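By written order: A, B, C and D. Residues from 1 in each chain.
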Amino acid sequence: MEFLNTNLPYILAGISVGGQYALIAIGYTMVYGILRLINFAHGDIFMVAGFAMVYLSASLPLYISIPMTIIITVVLGFAVERMAYRPLRTAPRMSIMISAIGVSYLLQNCAWYITSGLAKQYPTIPWISESISIGTATTKIVTVITPVLTLVLVIALVILIKYTKIGMAMRAMAKDFETSRLMGVKINSVISFTFIIGSFLAAIGSLLYFTNYATVTPIAGAMPGLKAFVAAVFGGIGSIPGAVIGAFIIGICENVIKMFGWTTFSDAFTFALLIIILVAKPTGLFGEKSTDKV
Amino acid sequence: MNEKNININGEITPPDKKNIFFKSVVGFLRKNWIGFTLLAALFAIIFILEQVLSSSSMLFVVLKKGAIYALVAVSMNLLNGFTGLFSLGQAGFMLIGAYTYAIFTIPAEARTAVYQYFDGGIINFTVPVPIALIMAGLAAALFAYLVGLPVLRLKSDYLAIATLGFAEIIRAFFQWDKLGPVTNGSNLLRRFPVFSSTLYPFIVSGICIAIIVLLINSSYGRAFKAIRDDEVAAEAMGINLARHKQLSFTVSSFFAGVGGALLAMYQTTVQAAAFKSAMTYEILLIVVIGGIGSVTGSCLSSFLFIASSEWWLRFLDSETYIGSFKLPLLASGFRKVVFSIIIMVVVLFYSRGIMGTNEISVDALLRFFRKLFRKDSKGEAA
Amino acid sequence: MMENILHTEKITMQFGGVVALYNLTIDVNKGEIVALIGPNGAGKTTAFNCITGVYEPTNGSVSFCGETIVSNHPQGRMKKLYLGEEDKEKLRVIRPTPDKITKLGIARTFQNIRLFKSLTVFENVLVAKHMRAKQNVLTATLRLNWREEKRAREESLALLEEQGLLQYKDDLASSLPYGLQRRLEISRALATEPKLLLLDEPAAGMNPQETQELAEFIVKIKNKYDLTVLMIEHHMDLVMQISDRIYVLDFGKLIAHGTPGEVQKNQRVIDAYLGVADDA
Amino acid sequence: MKRAITIILTLCMVIMMLSGCGGGNAGNVIKIGVYEPSSGDNGAGGKQEVLGIEYANSVLNSVEIGGKKYELKLEIVDNESSNDKGPSAAAKLVSAKCSIVLGSYGSGVSIAASDVFGNAGIPVIGVSCTNPQVTEGNTHYFRICYLDPFQGTVLANFAVDEFKAKKAYILTKLGDDYSVGLGNYFKVAFESLGGTVVEETFQEGNSDFTAYLTTAVNEKADVIFAPTSTEAASLIIGQAVSQGIKIPFLAGDTWDSSVILDAAKGSDSKIFVSTFFDEGDDSAAGSKFVTDFKKWLNDNPEKLKNNGGNDIVAAVSALGYDAYMVAVKAIEAAGSPDPKKINEVLWGVTYSGVTGDIAFDDIGDAIRDVAYIKSANNSDGSWNFVAIQSVK
């Protein structure tokens, strides 16, 4: 009990961080599942959502600025796919990946230019930024809400993918891109839809994340983005439940590592975990094995 | 740089064992004399420029850094472009090289000042600079070998992420307080010998790139390219995938390590925090802009990249007035926006980069000019 | 008694729940041309992949010139899928990679041509010489292996000349017309100096004229290089014309085996190819 | 399309090359280089420092040497708070033929560029780089702020005096010389005063500090010492507030910024910083500077934005102002725009600035023996003056 009392805040923080990573990780995993593309810009889309909220809420009330933020993020995600990835659909994989890195670079630099490199204070959203006490730990309500909301959204997403027509198209494309194209799946609209969902979840993630951490900087998306990606790989890329479980595992591990005082290695540990799982089970925890046809 | 002309066609003059090596060298020189002359001329020009211009001119800064990045980019190209292994660990291996070089060359009398929080550190000897450079490469290569054992079995994207992860782990490791007596923790290492002449990085990078080019044009280079084109077929041709990938990874890291050491000399200080994944991305962009699979492309684009980002575009960062009219948009940070837009344009519209997989060689240049000339004369005739 | 060169002992290959190949036992004798035929999805290419080490068979073993080169057994990596009886004496796991098998003397071509697209025709052949050279990285980089390199170049050029590909030597392999790509792939396989050549649908996409030429070509290289040939082929003309013996596979199982004449008359083969009467 | 882009790109390249090559030194201009970050981790602080310098330049933009009037022009580069981008930014200043350079905010970049200036023989006045290594072992780097050993000791003394602290939790950023250095000096001083410390570090890009703060609470620390950049600081404060942490925070000069005040406003956190300058300074020079500087800020919306959107005077701005004035003094004393001469006379330059009297010792550091301690006022978002602390 004593152990739990002193360490509850770490666990809480871990679960909350895990939830935020999960929302970003889904975007990665869905895009990768369909396009086999690591969308390096995803973390930066998340960052832009943060800035959009900062600037919008400066002049608009919250009930307008929050939906607006989500819309802007979704449009951005859509536009990035349209402008930077679609023209390269037939190009080698490496070119698309580099385009993704380029977009990430561009978004960060634009954010830098617009904010002149200064950190911005994130607006406080009433209720969820209030503090509550759980046992011995005091934390923001958002910490508790995050995992719940994450799970709700994930379940909704899984239902969407399982039971709707577009969900079926997405699954078909993840299995076999070429064949689904031949079978008349409108691949472009499905891909756009995937980016829209990913960006939508990233926008929600950014609301939760920045309410918790309160400061937005142009590189605020880089680390969470990378970690979320690691989570997606960890859980088996292409698998949504895998990404969520991976994200929670990584969020909790990260904080537990800090609990033991190995703070220098908290990031390194995440990557070490990734490499271990990749070497032991290259497709991640829940990934499907694919064999190359010879 | 023109080392690319090296081109063995097996036309080496036969027997007479004693002189054979000598003769082949002479034959080689004779065949490539234009390239070597141009190269010599390049070095001479740099040497003369250094005498004429003030040594603080931005030109030399760009040339120095460009030469170093050219080496690192070529080493990355060996891996990504010629062997088809998508690795993002370059910054990590540069870090190892830079630290190895710095740790073993800081003069004993400066150690107390540098390792101020660690009582002067535990290494109390220095080695000569050239040896330290080689040690830097070897340390990086050794580490790459160990990393490669588990990681190289992974396929494309997974390999990229795993190597990126390793680079991050290496960085954390070098910042670890417990290693402070060796690495100075997360603090700067400085006061090690550095170069002042622009020729120095040019010569070192030049030699290293020449070796890489020799490797690429050797039997092993062909095997690497075969692996890049088709792993299954390469294996069916009796090429041991694991061994050749490992080899390419280790060799590439060796030169990344040397590049890291040169970068340390250029920066005059080393700190683990600087070797972030952003550095790897930068090098990757250089490789892509130059053309994946083109050595001369990588060299060319590294100079262009460094010059644009550190020199030519800097005016975009400062507010500029023409008369009393303030040019719009120009403000701190605008340079990077413009720069990233240029990069996006190149990536989207020239996905093959400046050179594609072609190389600049004397022959190609001659052919180009001849064609240009012919076109002109045709135009006149018409 | 002819000398046995390739023997597969009850190879089984299982992917998840699908049994792609079941207890395949075939023999190839020195100097023969043996064909492996069967409808699509019968497991022919899988058999090739098991023999050349691309797949690790779930069960069974392969021996080449009397030596076991591939085997699996209850303690192996695939023990969960092991189907055979335990054989305590065969505890040695042999898990070679394709390159080692190539080095032993089995060369192959692929169903969907797998040339090194960005290399020239000459380099494609030259790559095959890499494995037999005694060089190491240092000697190769510093060109101390020039003698070896020179020999490899001469041999490759000779091979290209013989195959009538010399004029294309500096073209990119991917720029060749289809038929020549096939021929290049075979030349490349020959350059590895094999004893046994596995051809995976060499006549795919060829017209009767070209197929006829190919038939002559195969016989010619077989005699010239003292080869044994095992091939997968759908063109029955070609198969019947040049093969000494034929194995017929259907749904992963061997359904017939014999000389061309025997196989042609076999009812099961006819059923497999044409479908059983009431099916059709 | 592609051809058009090619042509445009080539044209751009040519224009850039021309503009890159241009920019000589006109007759009657003396260039003062400003080597400061305006992006990266220390971007916010660097900008405030630049504001002080720019303000000083607007106050005094010419100097008379030997009867000839020279215009003083600032040449500002962004070193991106990054040790690997720093040297080339510095080289830009050198190639622009600056007579003297001011900067930088952040010790790491200063050390990294030191040799570039040193080789070119250009003297540099460090404005707020507090790490001892900046000036040690060279003759061209000077500085007008106090040093980390001093600042660390001051804060350790303050912790013991004010809070009777027995245990301190030190949180520093990996790879940041300022942060690690100051943390180290605080630790040494605090331990020599009989306290114990718990040390932890965080990586760049880290934004989750809850775990660190929990450790501080679990270790029952009496004070938290977190010499970090303002960006990390506002995260730390925000998370401390939401976790209801009551332990007082101590920090060095970087926290003397309106960013911190914003983060702490309306909470019940206790924040104490040591700094070079206090806005409520009632000396004549100080109060005049504060009034005029505020007016100048409010007249320029752009500058106001760079100051963080309000007109609170940061200590680094005052230091920037003083550094500029010292530089001008040196130019006057040297009687020439020649960097070498300026370097020689700098050793003897004295100046009475808004942050106190400035003179250099034999290492090149300003001789200072007091630091101001301020605390954040959580209700109106301003600084409360607490004490002038000197070392015992």
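By our rule, a residue touches a chain if its C-beta (ideal position, glycine included) is under 8 Å from a C-beta of that chain, and two chains touch if they have at least 3 such contacts.
The model shown is predicted, which means the values in this text are computed figures rather than measured ones.
Asks: Return the chains common to the contact lists of subunit A and subunit D.
Replies: Common contact partners of subunit A and subunit D, which must touch each of the two, are B.
Asks: Taking each chain's centre as the mean of its CA atoms, which one is farthest from the centre of subunit C?
Replies: Greatest centre separation from subunit C goes to chain D.
Asks: What whole-Å value do you get for the distance between subunit B and subunit D if each is reduced to the mean of its CA atoms?
Replies: 35
Asks: Using the average of all C-alpha atoms in each chain as its centre, how far is it in Å between subunit C and subunit D?
Replies: Their C-alpha centroids are separated by 71 Å.
Asks: Which whole number of Å gives the spacing of the CA centres of subunit B and subunit C?
Replies: Inter-chain centre distance comes to 42 Å.
Asks: Express in whole angstrom the distance between the two chain centres, defined as the mean CA positions of subunit A and subunit C.
Replies: The answer is 47 Å.
Asks: Identify all positions of subunit D at which a residue touches two or more other chains, and write them in rising order.
Replies: 38-39, 174, 201, 203
Asks: Would you please write down the residue numbers of subunit A that are in contact with two or more other chains?
Replies: Only 112, 116-117, 264, 267, 294 qualify.
Asks: Quick check: what residues of subunit B touch more than one other chain, meaning two or more?
Replies: In subunit B, the residues touching two or more other chains are 172, 175, 177, 232, 332-333, 336.
Asks: State the interface residues of subunit B toward subunit C in the complex, per the touch definition above.
Replies: That would be residues 8-10, 12, 24, 211, 214-215, 218-220, 222-223, 225-226, 228-230, 232-242, 247, 251, 293, 357 of subunit B.
Asks: Quick one: in the complex, what on subunit B touches subunit A?
Replies: Residue list for subunit B touching subunit A: 80, 86, 150-151, 153-158, 160-162, 164-166, 168-169, 171-173, 175-177, 232, 277, 281, 284-285, 288, 292, 331-334, 336-337, 339-341, 343-344, 347-348, 351.
Asks: Which of the residues in subunit A come into contact with subunit D in the complex?
Replies: The touching residues are 6-7, 9-10, 12-13, 17, 112, 116-119, 121, 129, 131, 133, 137-140, 212-215, 217, 219-220, 222-224, 254-255, 258-259, 261, 263-264, 266-267.
Asks: Taking the touch rule as given, give the residues of subunit D at its contact with subunit B in the complex, in rising order.
Replies: The touching residues are 1-2, 5, 9, 12-13, 16-17, 19-20, 38-39, 76-78, 82-89, 91-92, 94-95, 108, 111-112, 114-116, 119-120, 132-133, 136-137, 174-177, 180-181, 184, 201, 203-204.
Asks: Quick check: in the complex, which residue numbers of subunit A touch subunit B?
Replies: Residues of subunit A touching subunit B: 32, 36, 38, 83-84, 87-88, 91-95, 97-99, 101-103, 105-106, 109-110, 112-113, 116-117, 226, 229-230, 233, 264-265, 267-268, 270-272, 274-275, 278-279, 282, 292, 294.
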